[in-house]
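Following are the structures in question.
Below are two complexes that have subunit A in common, paired first with subunit B and then with subunit C.
Let's look at the complex of A and B:
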């Protein structure tokens, strides 16, 4: 069956396509991929190219998903940048320094993320402090605590930990020496978030909260609980990446992770999430993450000056926001024609 | 419950925020199939009254009776569960969500079971479109359309249809026509009539006397937090109502004084309008 006949069957129309929030990001991804594929050549289009950008995409992507959800609900989370080292440090200290089982370290690290997320949510819902400020505050607090405690316990800013083969295999190995297992975890996270946001009713609540928090509360949606839950999800995502990093690199550093703050927000915005909340999609966030990763890694394959890469990412961000606005306006005014 | 028992009634309700008294001794009642128009200028205490009716604020003194029984609301959700629905000026709708999703927000229809409950988009869209059409908005045929593309009147209608569908018995409409054009306002008024025909008790808050007179059975004028006048349809003329809302100062006097000023000032209107 050709695509033409299936479109006649009524399952597909230009209107449906325009109305989908991820159309803009899909076009963006294709353009960027073709651009770097033409420069990077066979190597970039082969396994080495795919693995290098997918590895980047998976790491950022696991954080970008909940950060994007938070943005849809109208909040920011900048604390992810310091949750990553905090959780990897916790896991390394528990399992490496105190030689507890790997599972204890993993649970400990994830708990750090959930806890910081819970505090963020509490601050945002109980006070009038905007989430941008609240999470900058918690970011610095967590950063300081991580450094202080690491020096206090270990006397150093880096802790090494050699995980057992099973843990390493599950969280920090490279398949074929190229593809990080994080890619599969990322796919798993995408599936779970896709279900929650677009299939289960709770997704509706998140969008409504970003659209108009007051009315959403009046409609009986537990906005405070949901906000706290979303912050905990983003803390969890960041902590997960932190743990995956320990397992991969067999060491935890107190610094690092800051790049994830802007990168995750960039992926989300390129993916078509409205900065002020109320609109976006999981597929869009995934496409945004892939676009970001392709540019990030494509630069090396295309043998371009890395500075040009930054320029491209900056331009991409602006173009993405502009085109997403256009698509949103189109979607708003689009109505199916009377049959 | 006899047909004559008001669905909702306020008896001598006062509301103060700390030292500031906002509502004084408000008493009003609405029966099923009746439209009560609450008229009042800005700052007359209309929004506080609505919030008290909707369970957002608890009255400082006095009581609220639902079906003749004294009731206290534990919050807006509780009031909603008792069938009191509030539709705000902009309809409380979400522009970037589809009609079906807006309609069922917070009460999503699901299929499947356990943790795998799935939002039933088809059913949601179908019911939403049907209900809105029943209210007379035949232009809406596609439940996937985003609400942001609807006109203000259509959004109001969607919100009212939603309230009716979810079993509202008292419909509180907060300035539903304020931001609308003439045609759109007429649309909303038609829907108010439709809701009334279905036996809902409607509380219609407005400062547009014309709109109130089109649909109202019963009128209450609110001035500085107190009910200044309470009358039934046909008992007062439009001019009298307008004058009441303006706080006793008659419009005719006001117009005369402005005209007088303009005559003595080469046709310029007064620079600053002062009270008294």
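Let's look at the complex of A and C:
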């Protein structure tokens, strides 16, 4: 985005600030944080509180980043919910049941995610099935395969695996007994995605594709390859979280992971991504994820009824969509007045 | 209507049914249960299927009906019961998870003259009220009570039940029983209610437990309602820096829970012996439909059994032998 205003010669401008797509998400985050900090007190504002919501944010955030990119490009991915247990079962069965090296299990788990993403991408680009339906289909298919294969191979629906200290240290440890190491992985993912979306040319391609797929293709953007790549990225993110959960909790379950489907979409929407594609930002998605996590954990520190948390998240979601529209309209008007 | 007249009516109905069924000699038994990928329910299912081997040898069958998820448990399960009736079940096994939603469907089973066994949840009260033949299972309140009593006797004063599935009758009973058990041993109990979205997400459960422990330093005992939740609860305790101070007991067990009991990071596990629930409920109905034989003992208890450091080795042997 160009920060050069035509009239004001440089310097700080409220108009520029409001025009930034993240502004709404930032305000939302600050309001929510202050609200829970005032109720949760010192414990919530200290290291235990920060690590508590950052641990939640990191896991959902690693998935929300690629899911957000997909939504910017105009696609949904609901299959992440069953890729998480599929990859954690794969890793636990390879490394725990067959006692192969941890690296084999990790590569196996990640490959499952990449493969499911590849299939999703193929279905969406080669057929006219909307991604919402295609990924619901792959979600159920993967869920069934995970269950069937787990029972076939292990005869049970949960597999225990105790990772070696290095693997555990890299993927499933709590730094200072509190901060899950996945927080740092999340930061790493944010850096990579920020570069791809806002620095490298590929980012503009994603936005263009979400704005108008036909025009994007006519402009020479390899839309099919890009779509398949994005689905593979979200499969990879979900598989990564699945593996991190095995290393952390030392057991893989066939169930679980379904909550990540809507949670990741909510993070993305609270973060200001336009549901119909074409608009959004990485910083916005990160802020949306943090807001979501603060509400989720703040509830327990504030000693409120947990059901109120769900109400707040629901209200936040609606407010986010409404305010994003308002900010977008504001930005449009602002730009026109300048001319 | 008194219990005796209900039982008498039930006996008349079953006698009439036996005469009709006398020529059938093949029991198509429908079992309503949890998600087949739920670790606990997969054991119940295995028990039901193992009993089904006998049913199959006699020309019958066992069909498992489970919901896709637990988001709408009561109505979904009621729908499954009606499906079983529509598919021509000769006998039905079902848990009374959410009585308000499910009882009308169970009443339809009894009205259709189909023998019914309530298992896993509801207790003998539900079986009597609905006119079912028997109840097979652990009594939830007793399971919770056993955990509360165990922790209370271990010197714990303030226990919290981690409820990840608020609204389900059996989970509420676990938590109530837990509070009563720890109160009987001189402590006090409370419930930590999680939003329904946390169910099945280990990180969400662990972080909720941790936040609760940090905000309520008096809590020195926790009770988890399932095996995955127990692992997450143990992690939450460790992240709160309270390992060794806060003891945890949980419903059900798996390999890592047995390892945790061995290493001391978990105090006890309450075993409902799910395999027995599926096995006996199906066996009772199969024998009844085929031969009219009954089990006069009402309320077949399959639990609670307490697993702690004193007997964990035996249980591990049982797991290896495929029995538990």
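Rule of thumb we're sticking to: the second predicted complex is superposed on the first by the 325 of 339 C-alpha atoms of A that agree within 3 Å, B and C clash if a C-alpha of one lies under 4 Å from a C-alpha of the other, contacts with A are read in each partner's own complex, and residues count from 1 in each chain.
Everything that follows uses one rule, which is that a residue touches a chain if its C-beta (ideal position, glycine included) is under 8 Å from a C-beta of that chain, and two chains touch if they have at least 3 such contacts.
These numbers come from a predicted model, not from an experiment.
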When subunit B and subunit C are modelled together on subunit A, clash or fit: fit
Subunit B versus subunit C as contact partner of A:56, first or second or both or neither: second
Partner chain in contact with A:218 - subunit B first, subunit C second, else both or neither: first
Dominant toucher of subunit A (residue count), subunit B or subunit C: C
First, second, both or neither for A:201, with subunit B first and subunit C second: first
Partner chain(s) touched by A:249 [first = subunit B, second = subunit C, both, neither]: second
Which of subunit B and subunit C A:297 touches, first, second, both or neither: second
Subunit A as apex of subunit B and subunit C, Cα-centre angle in degrees (nearest 10): 130
Which superposed partner A:305 touches (first subunit B, second subunit C, both, neither): second
Shortest CA-CA distance between subunit B and subunit C [superposed frame, angstrom]: 34
In the complex with subunit A, residue positions of subunit B that touch it: 76-77, 80, 86, 88, 92-97, 101, 104-108, 110, 117-119, 141-142, 144-146, 148-149
Residue ranges of subunit C in contact with subunit A within the complex: 35-39, 42, 69, 166, 193-204, 206-208, 210-212, 214-215, 227-228, 231-232, 235, 238-241, 254-256, 259
In the complex, subunit A residues that touch subunit C: 40, 43, 48-49, 51-53, 55-56, 59, 143, 146-147, 150-151, 156-158, 160, 162, 174, 177-178, 180, 245, 248-251, 253-260, 262-263, 296-297, 299-301, 303, 305-307, 309-310
Subunit B partner contacts - residues on subunit A that touch it in the complex: 19, 199-201, 203-205, 207-208, 211-212, 215-221, 274, 278-279, 328, 331-336, 338
